[in-house]
Amino acid sequence: MSNQPLLEVRGLNAWYGESHVLHGVDLDIREGETVTLLGRNGAGKTTTLRAIMGILRRRQGTIRLRGKDLLGLPLHKVAQEGIGYVPEERGIFASLNVAENLMLPPNVSQGGMSIDEIYTLFPNLHERRSSQGTKLSGGEQQMLAIARILRTGARTILLDEPTEGLAPVIIQRIGDVLVELKKRGMTILLVEQNFRFAKKVADRFYLMEDGRMVNSFPGHELDARMDELHEVLGV
Amino acid sequence: MSTIFGIPAPALYGQILIGLINGSFYAMLSLGLAVIFGLLRVINFAHGAQYMLGAFAAYLLLTYAGIGYWPSLFLAPLLVGAVAIVIERFMLRRLYGLDPLYGLLLTFGLALIFEGAFRHWFGAAGKPYAPPAQLTGAMNLGFMFMPIYRGWVVVASLFVCIGTWLLIEKTRLGAYLRAATENATLVQAFGVNVPLLLTLTYGLGAALAALAGVLAAPIYQVSPLMGTNLIIIVFAVVVVGGMGSILGAIVTGYVLGVLEGLTKVFYPEASSIVIFVIMAIVLLVRPAGLFGREE
Amino acid sequence: MAVGTQYLAEQQPKLSTTSLVLGAIAIAALIAAPFFFYPVFLMSILCFALFACAFNLLIGYVGLLSFGHAAFFGGAAYYTAHAVKVWGLEPLTGILFGAAGAAAMGLIIGFIAIRRQGIYFAMITLALSQMFAFICLQVPFTHGEDGIQGVPRGHLLGIIDLNQPLSMYYVTLAIFLFGVFAVWRIVNSPFGNILKAIRENERRAVSLGYRVDRYKLGAFVMSAALAGLAGGTKAIVFQFATLTDVQWQMSGEVILMTLLGGIGTMIGPIVGAGLVIALQNYLASSQFPVTVLIGIIFVICVLLFRRGIVGEILELMKRKPKGNV
């Protein structure tokens, strides 16, 4: 059971218009695992998430979830298979308040959280439930974006740079939330630049360069590989 | 006889009523245009043709099947909505993501096809369509006599506008629609079937136009060209109101209708161009429109 | 100039020997044409081709879709007809007067319309031209539904008798060639390069210090004036000016001609105008409703070949490796 990867990506190529961005990405994620993609800007991390989700449509290769091919499915069907996507820009609807933003996603696969469950997990969202989406701080927006996707019942979550531009205290809170989600058996594919944050949650790392995976190692090896990473990432 | 600004009061009230009725159609049509544009980013030039098709559907149902006004009020929008759904599925869908001008040109071509075909089959002359028996006659309002059918049109259009507004603002479907207007990809990533939502929205917008057409049939005559001349005025209404707001589209429609009616009383020569003049002034003063946001 | 230079390098007028030869052949063919076809039919094509070229100047090189160009075409026809018939102006002066009138209208309508872009620009120009059509219906000098009939062709510069079909044809041809040359000059001038830069990236042009609105308005007025030149010529050729030429259907027709031939290509609008006029002529004797056919062509163009006939041919030639033929 655990040998069969939940999400299996093979030889994934993707294009933005005419420009070829992914050149054969291979990626495996087992059920309940948290995997983090590392890489420079432009290495293709965000594109990988968008291509798996099916937002980016010009693709070749294989993407399987529980053995089922996702490549031919339209975006909403992919979501209905139980994958949730939280974009880097978070995508909070400005015309809706917090509660309305939370109510928006339909429960498309089993196990979607109720509003009460979500407010228990994110007490600050409860406090701000009637605030307009645009009035939220960056941290609150990120919380809302994560909370919102849990409504659909997604058990596999693609998270793009959740800590970007946030204060350490808030990053800490988001880390706690991810740990809680892991405890509940969720599978997470994370794009992250913040090593310390990633180390706290990641079981495994993938290193991306020029639209390919160039290396993969378990989470505990992160510290030992710091020099190597600094060289590849140029940090 | 009492006069207001030197105008006999009944004439003034009469023109205000006509203005309100025209305004009802402006409101219903600009509402549909705004809903379609909001989600599909298509200016539906065929909106006038769909209004005409609604009126013709009522006329044909009556003439060839003996189906009267009341059933037509539902059947005509259903038929026209179905045609619109086919159009969206097989034509408009292929233009999403391209310059919105192509959507305008496609629907313009469709409008020409519908109008040309109906003109070919039925001639350019208007055909009378009698109001239903329950709504004939006039009512004494104390200050004027109002034909009952005209009162009905104003009330019905208000219901249609408020109903559409409630659908968009207060229902789950409406919430999807508003959110998808902001970010369609994200809504689809939540698992909502956005392509279907687009199809339904276009069908709904067209059905609204057809409903307006049935309401219009007993007032204006049913003719192949009734839609296009109207839609150009509605474009001006939409530019004045700005397409950002549903409520704005409705209010602008009624207000401009009444202003046009008043112009007929005080300066009849200008009545056919007053809405365009107002549009030009609004563009000079507030280019985004009265209720619009600068893009 | 930074924006412009990139286009200078890329789209410098390519007057290669081939295009010069082709151009010379085309002009020779046009000179010989009246001996093979009805001059009136040819002149009709020339007027509409010039109208389409004027329209294309705006959509093809500034990216603005005007849905109201009939106002300039039909308006100029009225002005020319009135000036020649009532004031007794010499025909060429009358045509220039019509074009000037169209330019003045272009200044007013353009000033209002360029405040919005894209789809709104199209709706606004449509609404304003409809307003003009209503005005034409009401003011006395246009004679309402009848239009201005029996406009004398007169003598060009007092010398050449335009009642001779051939002389009228060659004058029309000269005006047409002048108009097309003007469009070509404008498109390939530094002004034209800035227009293209604005079309590609308006914000960048603004940040480089160009007063974008002025360039757009300038292009709009030039396009209106050339459309007026076509309309004024048409009034002399056909000796009347009517409401048909100011109505929205006419604006739609010129869009179709340009779209069918190829938006943003030099000869596309001419090809498109020729095809549409020929088709209308052909259908005039049949039962098939012309409007429906025009609508169908619109739908087919938008769905299947958005580059237009000439645009698709150019694209095919571009893809083909050089030296293959």
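Labels A, B and C are assigned to the chains in the order they are written; within every chain, residues are numbered from 1.
We take it that a residue touches a chain if its C-beta (ideal position, glycine included) is under 8 Å from a C-beta of that chain, and two chains touch if they have at least 3 such contacts.
Not measured: the values here are computed from a predicted model.
Trainee: What chains do chain B and chain C have as common neighbours?
Mentor: Common contact partners of chain B and chain C, which must touch each of the two, are absent.
Trainee: Among the chains, which is located farthest from chain B on the basis of C-alpha centroids?
Mentor: Result for the farthest chain: A.
Trainee: Could you name the chain whose CA centroid falls nearest to the centroid of all protein CA atoms?
Mentor: B
Trainee: Can you work out the whole-Å distance between the CA centroids of chain B and chain C?
Mentor: That gives a centre separation of 33 Å.
Trainee: For chain A and chain B, let me know how many angstrom lie between their CA-based centres, rounded off.
Mentor: 44
Trainee: When the C-alpha atoms of chain A and chain C are each averaged to a single point, how far apart are the two points in Å?
Mentor: The separation of the two C-alpha centroids amounts to 54 Å.
Trainee: Across the complex, what residues on chain B touch chain A?
Mentor: Going by the criterion above, the answer is residues 175-176, 178-179, 182-183, 185-195.
Trainee: Within their complex, state which residues of chain C touch chain B.
Mentor: Of all residues in chain C, those touching chain B are 65, 112-113, 115-116, 118-120, 122-124, 126-128, 130-131, 134-135, 137-138, 248, 252, 255, 259, 289-299, 301-303, 306.
Trainee: Would you tell me which residues of chain A are touching chain B in their complex?
Mentor: 53, 55, 74-76, 79-80, 84-85, 87, 91, 93-96, 100, 103-106, 108-109, 148-149, 152
Trainee: Name, in rising order, each residue of chain B that touches chain C in their complex.
Mentor: Where chain B meets chain C, its residues are 37, 43, 91, 94-95, 98-102, 104-106, 108-117, 119-120, 228-229, 232-233, 235-236, 238-239, 269, 272-273, 276-277, 279-280, 283-284, 287.
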